[in-house]
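Scrolling down, you'll hit the structures one after another.
Consider the two complexes below, in which chain A is the common component and chain B and chain C are the respective partners.
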Partner chain A sequence: MKLKFYNKKITGILSILPKNKVYFKDEMNNYNFTKKQSLKLAKIMGYSTRRVVNKKTSVSDLCVFGLNYLFKNKLLKKDKVDALILVTQSPDYFLPPTSNVISGKINLRSDVICLDINQGCAGYEVGLIQAFMLLEQKSISKVVILNADILSKKVSIKDRNSRPLIGDGASITIVEKSKTKEEINVYIKMDGKKYDSLIIPAGAFKQPTNSNTKNLKKDKFGNSRSLENLLMKGDDIFNFIITKIPEMLKEMYKDLKIKKEYFDYFFFHQPNKFILEKLANTIEIPNSKLPSNIVENFGNGSGITVPLNICFNLGSKAKKNNYKVCLGGFGVGLTWSIIACNIKKLSFCKIIEFKK
Partner chain B sequence: MIEIEKFLIQLSKILEVKKIKNKDKFEKLKEWDSLAMLSVIALVNEMYKITISASDFKKFKKVGNLVSFIEKKKKK
Partner chain C sequence: MENKIIKILKKTKPNINFLKNKKDLIKKSILDSFDLVTIISEIEKAFNINIKANDIIAKNFDSISKIVKLVKKYI
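Showing the complex of A and B:
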């Protein structure tokens, strides 16, 4: 699907990270790998430090903390928010929507649309699409997108396939109508036949938890996980990314009559260093234009990786300059999307730590 | 032929052996594990634009099986 939007822009990005740091080296003894194998794994994949929440912290806690920071520092006015979109796979409750819970906690007026979206790796792009669509309405001028996930709670300690890469966190992106002429081009595709390439099989309504769903089972690679744990088929995901993203980029270059050099940055989702470097090679983009340093510093926080990538690698430079960027998300669903837009003189672009 | 030789050199680097032979069995190689397999899948993709899933890979017992799979795919 190709979508075009006009006269809309991102005006601020804030990332919220939990304070707790977990180090790969402290956890590698849990994996069914020798020390040498584990160290090699860490080097190739870029595993080092990840940020995880403590037991009591929920997605709404992270989002409320970030929103209050923006209100307190006069970066966002409460009565100007027309819609609140939360993209998460780890909601506080099955029902009600966590976006409603957040709206209540920060005391938003009732003349606001709250909306939860279940998306992950491409959750930033899906959230942006929803925000752009809402902004087509006369009565909506400002949309707040929240991306938040705490999936570290769902990865088995004996799963070297997923455990060492998953991080937690949240991000807040403000999207507004723009007076200057802006064109945003969106490409998005989905393949539901591969829904089980990235999945938490049990715990919802299809397969509720019972005494068996907690049992750890060893797979053919020696990783142990239960049906309540996150399962990622690494080879499927790798093959999917390395073929679908180059195809989609080619399509975009052709449609927009641009070359890859047009973009200053490719801010892509951060599954791990290995995949990103192979992807950068395939699409012939220098590593300096396609950052791959999020997993090693913070972990892969699903839908938060693109905004965190922008905050970490551009930071306050995004307040002064204009950048032509290609955003990209790919994973759970399966869903993949790229967005060609501008990051232009944001009013804020930074990372804060969640404190309770 | 030259390309396959290049591939075998890269393969031996991943598997940390001096020289890799067609009759070598993956499972018997000291450095063979899931990470090595993913690295080989990535190498095949990089050099030949051929994708191989982990379950397909399991069918290749020997290095020679992989090499003839690549050569067959290339002809298509």
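Showing the complex of A and C:
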């Protein structure tokens, strides 16, 4: 699906990270590897430091903390918010929607539309699409997108495939109508036939929790996980990303009559360093334009990696300058999307720590 | 070249005898995707090559002879 939007812009991005840091070197004894093998793999995959929440922290806690920071610092006016979109795979409850919970906690007007979207690795792009669509309405001028996940709670401690990668966090993106001419081009595709390439098989309504779903079972490679844990089929995901993203980029270059050099940055989702470097190599984008430093510093926080990538690698520069960027998300669903847009003199672009 | 590749495989999976297990490395689950990541990185370093992403598929790593064939493509 190709979508085109006009006269809308991102005006601020805030990333919220738990202060708790977990180091791969401290965890590697949990995995079925020798120390030497673990350290080698860590270098290739970018395993190093992850940010994870404590047991009591939920997605709404991270989002409310960030929103209150914006209100307190006069970066966002509460009464100007018309819609609140939360993209998460780790809601506070099955019901009610967590966006409603957040709206209540920060005391938003009752005519603010609250929406929960279940998306992950392409969740930033899906959230932006929803925000752009809402902004087509006359009555909506400002949309707040919340991307937040705390999936570290769902990864087995004995799963060396996923555990060392997964990080937690949230991001807040403000999207508004623009008075200057802006064109945004969106490409998005989904392949539900591969829904089980990234999945938490049990715990919802299809396969409710019971005593069996909690049992850890060892797979043929020595990883132990239960049906309530995240399962990632690494080879499926690798092949999907390496095939689909270059195809989608080619389609975009052709449609928009541009070359890859048009973009100042490619801010892509960061599943791990190996995949991202191979992808950069395939699409012939230098590392300086396609940062791959999120997993090693914070872990893969699902839908927050793209906004965190912008905050970490542009930071305050995004307040002064204009950048032509290609945003890219790919993963759970399977879903993949790229967005060609501008990052223009944001009112804020920073990372804060959730200190509870 | 074959000996050099076997040495790399042995380093990644010290408990496997790759002189006896030369085939069906993926089919028999001797190597998983994370072993491949390490092996690819070691091969790239040892032969000073950069294996393209579209060559990183299971069938190119399912036997010693297929890995040798792949490396030869880049040399």
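Rule of thumb we're sticking to: the second predicted complex is superposed on the first by the 356 of 356 C-alpha atoms of A that agree within 3 Å, B and C clash if a C-alpha of one lies under 4 Å from a C-alpha of the other, contacts with A are read in each partner's own complex, and residues count from 1 in each chain.
Please note the rule applied: contacts are C-beta pairs under 8 Å (C-beta built on N, C-alpha and C of every residue); 3 or more make two chains touch, one makes a residue touch a chain.
Everything numeric in this text was worked out from a predicted model, so none of it was measured.
*Asks:* Can A:Phe221 be said to touch chain B (first), chain C (second), both, or neither?
*Replies:* A:Phe221 sits against chain B and chain C alike.
*Asks:* Can A:Asn54 be said to touch chain B (first), chain C (second), both, or neither?
*Replies:* So A:Asn54 meets neither chain B nor chain C here.
*Asks:* State whether A:Asn29 touches chain B only (first), chain C only (second), both chains, or neither.
*Replies:* neither
*Asks:* In the superposed arrangement, does A:Ile242 touch chain B (first), chain C (second), both or neither?
*Replies:* A:Ile242 contacts both chain B and chain C.
*Asks:* For A:Gln37 in the superposed arrangement: first (chain B), second (chain C), both or neither?
*Replies:* Both partners.
*Asks:* According to the stated criteria, A:Asn322 is in contact with first (chain B), second (chain C), both, or neither; which is it?
*Replies:* In the superposition, A:Asn322 touches no partner, neither chain B nor chain C.
*Asks:* Please work out whether A:Lys278 is in contact with chain B alone, chain C alone, both, or neither, and reply first, second, both or neither.
*Replies:* Both partners, chain B and chain C.
*Asks:* Please write out, lowest number first, the residues of chain A touched by both chain B and chain C across the two complexes.
*Replies:* 37, 40-41, 44, 161, 221, 234-235, 238-239, 242-243, 274, 278, 281-282
*Asks:* Which residues of chain A touch chain B in the complex?
*Replies:* Counting only chain A, the residues touching chain B are 33, 37, 40-41, 44, 161, 221-222, 233-236, 238-239, 242-243, 274, 278, 281-282.
*Asks:* Going by the contact rule at the top, pick out the chain A residues touching chain C in the complex.
*Replies:* 34, 37, 40-41, 44-45, 160-161, 220-221, 234-235, 238-239, 242-243, 274, 278-279, 281-282
*Asks:* Sort out for me which residues of chain C touch chain A in the complex.
*Replies:* For chain C paired with chain A, touching residues are 12, 14, 29, 32-34, 36-38, 41, 50, 52-54, 56-58.
*Asks:* Under the definition above, what is the set of chain B residues touching chain A in their complex?
*Replies:* Listed in rising order, the residues of chain B that touch chain A are 33-35, 37-39, 41-42, 45-46, 51-54, 57.
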